[in-house]
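These notes open a run of structures that come right after.
Presented sequentially are two complexes of subunit A, the first with subunit B as partner and the second with subunit C.
Moving on to the complex of A and B:
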């Protein structure tokens, strides 16, 4: 019984981080119909930028609570700079092309972004745990928890409901839904689809960068983070059903649970767990838990 | 004209290590990656993109390492056995995966290869974890060779294998079974109505591609003398697709042109820049946008209007 509470908390907080990595991927796929292989790079770029800004705040002895603002600000910065630029040049070119072309173009983008990160931020790892120390810890039943873990879970819940609110109950959300349902029809009645695509893609970049920024205080950032995050995001998005936001949230819980259970009971298999979960789900339900089954066209 | 070009290219490859010995390793690796990329190209013809093909590449290299640990020391036996095992593994995995198309095929291949990667990286007692396993210098037909001699034998053996396999795959792609692949890409349902079992066409293609990747992996393992789990990481699979597309999937030479081009460019570029991925990524995007048939398309373009 004593093991249940820490297990649950670990699962929830790691699910929150995994969810942030995947939700942008699934959102972008839903609207743009492009599987973005470079998505993991946005996560690691967000992490690098957040680590740099937090380090700047600490080194100048500014108010340490500014580091929370820095986490959000860095994600927004990455989204505003990279989102429109990449969508309007590379991604837009791939609309209507085959999946192979889309995957390859974004893989090329991934290679470019990985090298750019190495050139700008170097190859050393960054750790910046100011926000985590500021939040302190709580003791439940004799076990000490970091409040930051709860903060991560709260952020993930806010994002799930925020996205739902945005898509179901705002003008922008209705336009996005219209574009998803029928791109040509939406365009012919005057929806600026290019604008919708830029906004949706940038939102995806923002969510990935935010995930990276929020992960910095717990696990830091090192080269290879983008590639690792990418497969995890794939696994979660595929389990939940590509394009399903609530599906991604549930899938993040499943993957996190699989991982935490593996760490508690068979530590050597912790890295295998997410992919094994993906494989099992996809073999049974290839369109994911919530994915819509599309009919074959003749 | 193309036959002359081919002969000149092969003579140049065979002669290159005599002029510049350091090229021998580079070219052996180019052949290894070319074989694996050819496997990816076979599947690409059916419109199926696999981001997990490095698994077969790694599986075969691990196969060689395990067999060598088990006491088998002959080059030919090691090569054949590990490729056969990889082909069988490909048949089992393929039987499940060919039911899926497009993005789902790509992602399932990714999932399987990452399970493989994670297992081989974590089972330290069996596989040496991320340190990998060494592959000792084998004997060739019972003859014990020094390492430099073996590397030379490996290189010329690889060139011969490349020619034989290239010819075989060329015949395969030109057979009804091979043409059925492009038909799957164009209209799968029509093919089924014509009475062609699509699953059999794809299963054969999947096994062929696994065997090709297996040959490449075994050669790479021998050439490097070590196999690590990173052989199977998803970025390695991405690179194989990249080589295939860069070279062009219009014909067998495409994959090898892509592999030789990239390996040689890599060695040259390494001298003055380390932003190698940046160059490759940009080249990939450029080729897809402006040369949809790859580098090989440059050679064949002039023949199309004559039809």
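Moving on to the complex of A and C:
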């Protein structure tokens, strides 16, 4: 019985991180109709930038609470620098091309980004757990929990509701919905679709980079993180149904639960568990939990 | 206000669809573009809207070369477009669909509500439908909504693509009457309506153009000024 609460908390916090990676992938796919294979790289770049900034804060003996600001700031920085740049130079040329072309181009982008990360940040791992230590821990019934894990879950919940609010109730969200429903119609009624694409893509980059930044205090960052994240994010997006925000949240929970159960009970199956979950869901619902064949929603 | 098409040439997937379309759409006039299926009616409208790249020729609104501008500029310039297949956002209500261009153009609240009120006065059936989802209206109702949405944009030019296509005869008559009303409500508008069966539009047409295999020729005897609706 004592194993249940830590198992749940591990599942929830791991689901939160996977969700950050997957929701951006699914959002970008929905608006731009490009499956960005390089999406996982934004997660690892966010992690590297956050780890570097946090390490700088610690080495200069600045107020350690600045490291929380650093986590958010690094995600915003990555999104503002890379989002518009990559969308307007590379992704834009793949609109309307076949999926094979889109996947090849974004896979090329993935390879470039992976090598760039190796050049800039080297091949060693980074650990920077200042934010986690600052938050401390809570003891319930003799078992000690990290408060940072609950912080991760809270952040994910905020993002789910924030995105919902943004899409349903803001001018930007309405225009995004129009573009998702019908790109040409949106242009005809005056929507600057290029602007919407840049914003949506950058928002996707931000969410992935935020996930990576938030993951640094718990698991650090090492080469290969981008690729690992990408496959998980893809599994989540497929389970949830591509283009679904709530679907991504529920699917992230399923994938995280599968993983945590494997780690607790059959550690050797850790890596396979997410795909086993994906396989089972897709066998029952080929378009994902929330996926629909006909209507396209966000 | 004049919208000029000058020797417009357009290809779709390598096939030349418009081979030299020239015409003038002028304010206060209703121009009907007649042609069989595949003659290039829809392509002409989509070319005006900037949804297709021109191989050659020019499209100018009051001397302003529209080729230089991205597609969304047309709405800003006051050209409204109701495509044949309605294209409403299914998860938004009818009123949200009609308001959408106002949001896209960033109209201030007063202006947006003013235009909405004007549309409701002229198309009262839309007021009754306003809470229905965009995906939950019939074909004929959808056409009216598309017309309302285009009117939110159309300050100078209104393009209607086959408004009667797929409408039951009674609804088609209704729609034709509505277009006659529109002339009275918005006399300044330049109207371009495509149709394969011109009979319903005879009463409101100022000018009829015939498009055949991607070329436009003005019909004999036109402009038929005797048919100007008052």
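Just so it is clear, the second predicted complex is superposed on the first by the 293 of 298 C-alpha atoms of A that agree within 3 Å, B and C clash if a C-alpha of one lies under 4 Å from a C-alpha of the other, contacts with A are read in each partner's own complex, and residues count from 1 in each chain.
Convention: a residue touches a chain if its C-beta (ideal position, glycine included) is under 8 Å from a C-beta of that chain, and two chains touch if they have at least 3 such contacts.
Quick caveat, the model's predicted, so the values are computed rather than measured.
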Putting subunit B and subunit C on the same copy of subunit A, do they fit or clash? fit
For A:60, select first, second, both or neither according to whether it touches subunit B, subunit C, the two together, or no partner. neither
Thinking of the overlay built on chain A, is A:188 touched by subunit B (first), by subunit C (second), by both, or by neither? second
Applying the document's definition of touch, where does A:169 land relative to subunit B and subunit C: first, second, both, or neither? neither
Put simply, what angle do subunit B and subunit C open at subunit A, by C-alpha centres, to the nearest 10°? 90
Which superposed partner A:177 touches (first subunit B, second subunit C, both, neither): second
Regarding the shared-chain residue A:108, is it in contact with subunit B (first), subunit C (second), both, or neither? first
More residues of subunit A are touched by which chain, subunit B or subunit C? B
Taking the superposition as given, tell me the minimum C-alpha spacing from subunit B to subunit C, whole angstrom. 14
Residues of subunit C that touch subunit A when the two form their complex: 49-51, 70-72, 74-76, 81, 83, 87, 89-92, 96, 100-101, 103-106, 135, 149, 152-153
Once bound in the complex, which stretches of subunit A touch subunit B? 35, 37, 90, 93, 98-101, 103-105, 107-112, 114-116, 118-119, 227, 230-231, 234-235, 238, 242, 268-272, 275-276, 278-279, 282-283, 286-287, 296, 298
In the complex formed with subunit C, which residues of subunit A make contact? 171, 174-175, 177-178, 181-182, 184-194, 295, 297
In the complex formed with subunit A, which residues of subunit B make contact? 44, 47, 49, 51, 96, 99-100, 102-104, 106-108, 110-112, 114-115, 118-119, 121-124, 187-190, 233-235, 238, 241-242, 245, 275-278, 280-285, 288-289
